[in-house]
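Next, two complexes with chain A in common: one pairs it with chain B, the other with chain C.
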Partner chain A sequence: MPDLTIERITDPGGDVILRAAGILDAKSAPTLMSRARAVSGEGSHLILNLHGITFIASSGVGSLLALVEDFTEAGLEVHFTELSSAVRSVIRLLNLDKFLQIHATEAAAMEARRKAA
Partner chain B sequence: MSDPAEKLPIEPHRSSLEAPGELRAGAMLRLIAQREHSLLSLMELSSELTVSLDLFGIADLALYNLMGQLGTSKAAIWIVPPDSRDIVLLRCHGVRKPVARAMGTVRGRELARHLFDQDEAVPTAELLQVLEPASARLVAQTELVLFCPITARENLIGIIGLGPKISGDAYETVDFGALRGSMGMLGVALENTRLYNQLLEKHRQIRRANESLKELDRLKSEFLRNVNHELRTPLTIIVAYVDVLMREEGKNEEFLKVVAGESVKLQALVEKLLEFSDLTQRSLEIRLETGNLAEFVTRFHEDRLPGVAESLRELTLVQDEDPLPARFDRNHTRRILDALVDNAVKFSPPGSHIEIAVSRIADSDSAWARIDVRDDGPGIPPADLTRLFDTFRQGDGGLTRDAGGMGMGLALARKLAEEMGGSLGATSEPARGSTFSLLLPVE
Partner chain C sequence: MSATEGRTLRPADAPAPRPRRVVSIRVIVTAAMLVLLSAAVVSVGTVQERNARRALTAEIQKRLLLEARNLALAAGGAFLNDFPELTLLPLVKELQEGRQELALAVVTDRDGVIEGHRDSRVLGTPYRAPENLRPAATTVVLAEGESLLENSELLVARAPVRHPNGSFMGRATVGIRRDYLATILARARRRQMIVTAVVLGLGLAAALVLLSVLLRPVGVLRAGLERIGRGDLDTPVALRDRTEFGMLADTVNAMAKRVKQAQHDLVEKERLTHEMDLARDIQSSLLPSSRIEMDDFVIQGSHRAAFEVGGDFYDVFRRDDGTVGLAVADVAGKGLAGCLVMSMLSAWLRAERDRHGSPSELLAALDERLGESLRRGSFVTMFYGILEPATGRLRFASAGHSPTMIYRAVGGTVERIESDGIPLGAIRGGAIRRTLIDRETLLGPGDLLVQYTDGINESFDPAGREQFGFERMETAIRGAAESGCLGVLDGLRHDLEAWQREGERLDDETILVAGRRAPAGRKADPETADVSALEDEDPAGWLKTARAIGDRLLIPADSGRLGEVRGWLGSRTRLHEIDGDGMNRLSTAIYEACANITEHGYGEDPTEVMEVWWCPSGDGGAGYFLVRDQGKPFTADNWVASDFEDPKVWRRGRGFGLDIIHRVMSQVLYRPGTPDGNLTLMRFEPAIADDPGAKSHA
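Right after this comes the complex of A and B.
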């Protein structure tokens, strides 16, 4: 069983939802980045559900920040939803919530995307 | 060197033991949590650096770790090749790639010179005062606020640049300490990877040379067996007729014709002997077999990865279909892919990305296994593209001449592809890169 599993869903608005579960560290970050880059390659915005992340290493946090920068450079958005407690605590510690677009639910993220569009 | 924290717009960190009594418990706990995070990040990096022995993989995990450790969304890493005047961009996030690349190729050495004697991170503000104005402008455009030298065994291996913290806090003394530790580990990891890649590439070259020598030896033995037989027959005839000539009179003209004929045969044989040096042509005999092309290309990718990384190009593999049964000659296919990868390395600058992609394509009439070798180099002008596969032909641009030419390699590669019932073609977009596509029949 891989450390990180990612389920892909396309929402009715055409954005892509990736639901990540497991451990997000240096070993698994390339998998997330690869799946996310496929989304930006299609020109789609991304909603990343982190509900199932049980552990996040610094490399995992860094990969999330890199992902946002890569999407922004491509003129696309990343929205984060349903942060697990492991993710939420490190994001609070580093004050990253002012940089990341975080929503309580996928529905809220979709709504934010619809308003932005 | 003076304390870098003094030059930053923040009060240097005081350890929790020195904290004044009025520091509230919440702030104390937060400080402790931040220190714990920093320490854990450092420990994670030491273990993560064992995950990858790929130069670009190490660059990725080092940047991710530092970004997550310090809470910055901007970071870049350059490598300092031992034999080049430029420094080469490996990865960047939150920094415009053209700027980060230009800084490496145009002004990198000056930056490297200033960082060489430093044993810890240098704030950009400090660098801007000592760099030439053109270099300073480029450094400022990166929006990075710290530059860290990566050293190993007293050599500058690379440079990492970091952006401002998202929290708005400035870098503190404790961050400089953590960065020093991270750079030390990273320097050793990069140096080890470079040495490991060099070793693997030398091993690959020796293995290939050994295979070629074995093949040449086999062909030499075969050739000598044939020569032995072919020489003996005409010589026997000549000797016999000369013997008769010596004993009979009046038939000299007819016998001399025979002698002349056999002499021509001997001449042809001598010609063949002269062609002996071109034995490689005979090693092109085709041996088609059915196999999993996806697995074959995976092994090829593993085999070439260290050498390509050593040349500071990134070589990645994309497999759309595995297994992919196809009918192909392993030696032919390897030779073609070698030529295409060598070509991509030659015609793309350090820091470029080369991708091998394997897929299956089909239309109503036929199905093919397809291997693309793409690079993001300068591309090939349309006029040169049509002549690319001509024997002894190569693009006429300056870069082509600098690179030493590949005309014969590509012509031969196409010939081998056609012998297998496939094809080899190329598309290119100037300034965007080139794609060479090998099609092979699927089983």
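Right after this comes the complex of A and C.
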């Protein structure tokens, strides 16, 4: 079984939701990056659900920051939702919660996207 | 076509190399000779001409003075007559007749009146000497009253006309044109130039002929070298020449012979290297790739091949009856032959291992098989043991193999058990049965079996003077025994590498360790434990203190297994008091510390191991984490916190591990390269992990 599984859903507004589960470390981060870049390549905004992430290493955090940069440069947005406690504690540890668009639920993220649009 | 393709020239498109411009030695030597000869001839000619001019001038001065004297002598007789001019006129005419160079011939009386001249009209008139006359430089000896004078056009000799009684009666003056002298010299120079041209022509012709003869071998040499360049090393350069070219041809032929030999050697070496690689692959494929854990036992081996593949072999396998077979063997002889024997041994061991409950019976069966196959003089030393993991009972026998070492946790001693048996295949006919003995021992909690090959204890220091020896092995085992099987393997390898330093590994090095875990339990009460050594920045007492009071996790340098840190932390005393966020952050921080060592210290080598020690100190889950490794030392003392407001940091997308460690831990100390290895000591305080801001406020 792979360390990281990613489920893809397209919301009615045309944005893409990726639901990631498992471990986000140096080994699995390229998988997430690859899937996310496919979304930016399509010109879609991304809602990344991290509810199923049981462990995140610094390389995982780095991949989140890098993909936000990628989307921003492409004129697109990334919204994070349902951060697991493992992800939330590390994101807060690094004070990154101030810089990332984090929402409690996918619905809240979709709402934020609709308002932005 | 892409930009890159546009810039890259394919070999077929590349312009042909411009032919080298060749300047013939013949031309160079001929030109050099021409220049040198010309310079020599011109130099010699110039000196000769100067000497000739000097000699000719002196001769002409002499002759001119003689003419003047003769004229004065004739004039002396004429002056005794009443009409000397009648005598002197024909005399002077005769003197100048047919001699264009004589521009002047005149006789004057003591008053300077002309008494003798070829032109009768000037007779009786005062003589007017040519203008600007000055004394000429001369080597001719002049008598009294005589003089040699010159101006730009004339050279003039004057001699006195004397009466027989010696009194001065007048003067005879004879002059010659100076261009007469130039004419004579030009004629001489023309002759010299003709001679020079002839000499030069003959010299050049001779040089060309000589060079053609001498340089003929060059063509033969060139053809021979081109042939060698094309790879034809069998046709020698045929040149029978007594000059240096002949020696050169001999040298080229010798060189071609050596190149041919070197080519042959290289092909042979490549073939052998290929065989060695093949043998090494076979050898490594026969060795177990992972450790075995059964009940309380952890069993792991380590093998490092020498530069030349050796015949070491070890195997660990589960037997049908639930016991574990442990085998370590050393085939006498290296290279492919040793490797093949090892392969046979491995196959036969698999075939025999479940047929024999007695280790010595199995060794005897292998001896029988080997005796049929090994060439005389070859043999194999071997240890074989059968371990019951549930009880720790070990039965073993040794066929001439290195002493078996058993560490006893009670007392901390190492037993060294010498082999009784003779090596497998050493003596045909089953003689080995009389020498083999099944021994039996019980491995208690914390006990360790260490079996190895002689590449360990016989390993030399870099100077090649002293072997590593059994005592150093025992010291390494005792020092790491508390760390269990993996710790002893790691400790032995570390001490051995420190002993060898950069020395060449001459033999395979194989170690097999079977360790029984010591019962878990706190070694010291955290409330009363002495952690003062961990509060000191000097690392000398860190490991000792950690061993005395701490819990240890051994974790391989395998990024896929670093997640094991989380489970271990969750079950540590006192750490379970930490809340979810705190544990998440602590797990990530320890994970990052291990990930750094895995990547930078061990280069992702999963056979390497690091230790994480947890030493509780005080209430609420506070304490110290000590991470120890033996990898490439590195330090993160120069670390600077990432500025997450900087977009460049976001784009970097990595390198945040130290940010996490420093935010979670209240203190981080790196001490690479200590006698205990590379040590990282981290002070953990749950309050800081929960609120990293508290760290800066503290």
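Here is the rule we go by: the second predicted complex is superposed on the first by the 117 of 117 C-alpha atoms of A that agree within 3 Å, B and C clash if a C-alpha of one lies under 4 Å from a C-alpha of the other, contacts with A are read in each partner's own complex, and residues count from 1 in each chain.
Note that a residue touches a chain if its C-beta (ideal position, glycine included) is under 8 Å from a C-beta of that chain, and two chains touch if they have at least 3 such contacts.
It should be emphasised that the depicted structure is a prediction, and the values quoted were computed from it without experimental measurement.
Student: Evaluate whether chain B and chain C can sit on chain A together after superposition, giving fit or clash.
Tutor: After superposition on chain A, which the two structures share, chain B runs into chain C.
Student: Examine A:A108 and indicate which partner it touches, taking first as chain B and second as chain C; both and neither are also allowed.
Tutor: Touch status of A:A108: no partner.
Student: In the overlaid three-chain picture, which partner chain does A:V61 touch, first (chain B) or second (chain C), both, or neither?
Tutor: both
Student: I'd like to know which partner A:S85 touches here: chain B for first, chain C for second, both or neither.
Tutor: second
Student: When the two structures are overlaid on chain A, which partner does A:E69 contact: first (chain B), second (chain C), both, or neither?
Tutor: The answer is both, since A:E69 touches chain B and chain C.
Student: State whether A:P30 touches chain B only (first), chain C only (second), both chains, or neither.
Tutor: So A:P30 only meets chain B here.
Student: Using the touch definition from the top, say if A:A21 reaches chain B (first), chain C (second), both or neither.
Tutor: neither
Student: In the combined picture, which part of chain B sits where chain C already is, 80-88, 98-106, 152-160 or 170-178?
Tutor: Superposition on chain A puts chain C right on top of 170-178.
Student: If I apply the document's touch criterion, which positions on chain A are contacted by chain B in one structure and by chain C in the other?
Tutor: After superposing on chain A, chain A residues 25-27, 57-59, 61-63, 65-66, 68-69, 90, 93-96, 99 contact both chain B and chain C.
Student: Can you check the complex and tell me which residues of chain A touch chain B?
Tutor: By the definition above, chain A touches chain B via 25-27, 29-30, 33, 57-66, 68-70, 73, 90, 93-96, 98-99.
Student: Could you please specify the touching residues of chain C with respect to chain A in the complex?
Tutor: Where chain C meets chain A, its residues are 559-560, 562-563, 566, 580-582, 584-585, 587-588, 591-592, 595, 644-645, 647, 649-657, 659-660, 663-664, 689, 692.
Student: Note which residues of chain A are touching chain C in the complex, please.
Tutor: 3, 23, 25-27, 55-59, 61-63, 65-66, 68-69, 85-86, 88-90, 92-96, 99
Student: Using the touch definition from the top, list the residues of chain B that touch chain A in their complex.
Tutor: 30, 33-34, 37, 40-41, 44-45, 48, 51, 57, 60-61, 63-69, 71-75, 93-94, 96, 165-169
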